[in-house]
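There's a structure below that I have some questions on.
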């Protein structure tokens, strides 16, 4: 069948439309990442702020799958001093939970709350949160893994432990100075 | 191995069309090591673009024009509304001289800041001169019974873009 | 009975004048919620507030539109490995006078032209590598028939 | 009562004004090859004796021939009737009809309003223009999509992948700089 130029243009236009507004699934590795800085990155992706057709009325955000939530790293002593407040609405019902305690109960909760705070507090917040998929370790269900087409870059390098570095690499590492023999560490 | 972005070469070529190759333009070719190769690249790119222009095989053109303090991205058959009264009769055709950018699918000519007037030509016809919607500018002061309403309507001139053409090879 | 000239006739409080005075207000308050739609005393107060707000709204619209343009441009440049401000400075330094409105339009409608603009700005900014960091690996370094 | 008579029934009924905005659109690509003027008929209704039609009469005496020469495709009617306000009715080729009461206008204002009626293209007046340009081909190079700037080899990678996930630093770390210094000073 031979298409007229006008018809061909309109057909390709509808395909273009679907391509342009395609909703991707991105994956983010939270290992050794600051959850509050990562939350800003994830919130931008959930809102679609990384697309040139972003508009605050347009629902153009991507899905984000976050893995290794149990390995997040909080700065300073925040595991101890960051408190999550809850009130049961009864007298004396206030409670404060430390971040480490929250993390023990649910390893995805700290990041989830961080992303919730980073998103704008309008009616779209719950919808966007429903596109966030958090997993404690690196195992993703198959039905979600098959959607993933995009990888978000981490914000900071994951440091290597001394035990992870092979023996020969450790030996070949240049020594800047040596301790004197009588030096006690 | 020479590695050059086709788009860099395109922008290079476009800068050539406006002015001769300056030291600033040479800095663009940071990835090209050999001077001879650079000139060969420019020749090839310009040749490819000129070939399309001479044979007329390039796709539909679009241009960014500067008109009455505003910029419009236009292509043939477009209508634009300019927020002014133009001293041109209805149905008369004018030529738009200030062109910031002209491109097709395969090449982009970027003006720095304007493209040569003889290179790209954009024609437009005035099809309508009208007023916009009326809006109320309301002034109100508390407790003094002062309130005024002023009404205002903007002037608009509608232009139909007749066509965009590249008149000559870009490196002449 | 007092007879008035035609100039003073509209001063008379007739039911018809009362109706049309209210009619003019209700025409504009038709989309309000509750009694401010149909009760004159409430409607006129809400309308005055709406008219003063509209004045600020016209100014705010320009601001939010400009923010949207900037957000769209930076989304596109960042996926090409360049932030918004080096991009804008690079274009200005190369004497390219394209405005935000047109750049935001090109960013989604003409990706190839936009990419060549980003490359132009990047090569200008490359002189000071601290501003742009490493080139993004999303950029394909190709040789489309130019080096043969 | 002759205020502004309009085809829009909402103005005369008890409904509120709902005036939708409009986008630029011109039928049959008017102005591409040839421009077809949109004004079809212009009717001047006025009184021969009443003071409210004074400036309208002056306009008709001095300006109407110029107007007829200026728009040769339009038909101009003069319709005198007694003791009523002057009205100008413009009818356009798309079927739109616009009526304008001209009682408060001076002759100079009348010239401007009638000039406006000849240059507009027959859409209901006082509508909000929503977009300042209209195009049939929105994108020439194909619009942006999430894969435009994406390198194709990324599609072959199995996600999540460590290579694409690793953070990129702008500056070298202190360790890397020390290692670099050591490497450069080795021949010594």
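Chains here go by letter, A, B, C and D, matching the order in which they are written, and residues are numbered from 1 within each.
The rule is simple: a residue touches a chain if its C-beta (ideal position, glycine included) is under 8 Å from a C-beta of that chain, and two chains touch if they have at least 3 such contacts.
Which chain is which protein? Per UniProt: A = 39S ribosomal protein L13, mitochondrial; B = Large ribosomal subunit protein bL21m; D = Large ribosomal subunit protein mL43.
All values reported here derive from a predicted model rather than from experimental measurement.
Taking A-C and B-D together, the chain pair joined by more C-beta contacts is B-D.
Between the CA-based centres of chain A and chain C the separation comes to 31 Å, rounded to the whole angstrom.
Centre-to-centre spacing of chain B and chain C amounts to 21 Å, using the average Cα coordinate of each chain. For the pair chain A and chain B, the distance between mean C-alpha positions equals 41 Å.
Residue positions of chain C touching 2 or more other chains: 76, 79, 107-110, 112-113, 115, 139. For chain A, the set of residues that touch two or more other chains comprises 20, 51-53. Residues of chain D in contact with at least two other chains: 137-144, 168. Per the contact rule defined earlier, chains pair up in contact as A-C, A-D, B-C, B-D, C-D.
Interface residues of chain A facing chain D in the complex, by the touch rule stated above, are 9, 13, 16, 19-20, 22, 24, 27-29, 51-53, 67, 138, 140, 148-158, 174, 176.
Every residue of chain B that touches chain D in the complex is listed here, in rising order: 59-62, 72-75, 77-81, 83, 90-91, 103-105, 125, 127-134, 153, 156, 158, 160, 162. Only residues 19, 24-26, 29-32, 35, 37-38, 116, 118-121, 125-129, 132-137, 140-142 of chain D touch chain B when the two sit together in their complex.
Those residues of chain C that touch chain D in the complex are listed here as 26-31, 76, 79-80, 107-113, 115, 130, 133-134, 137-140.
Those residues of chain C that touch chain A in the complex are listed here as 68, 71-73, 75-76, 78-79, 104, 107-108.
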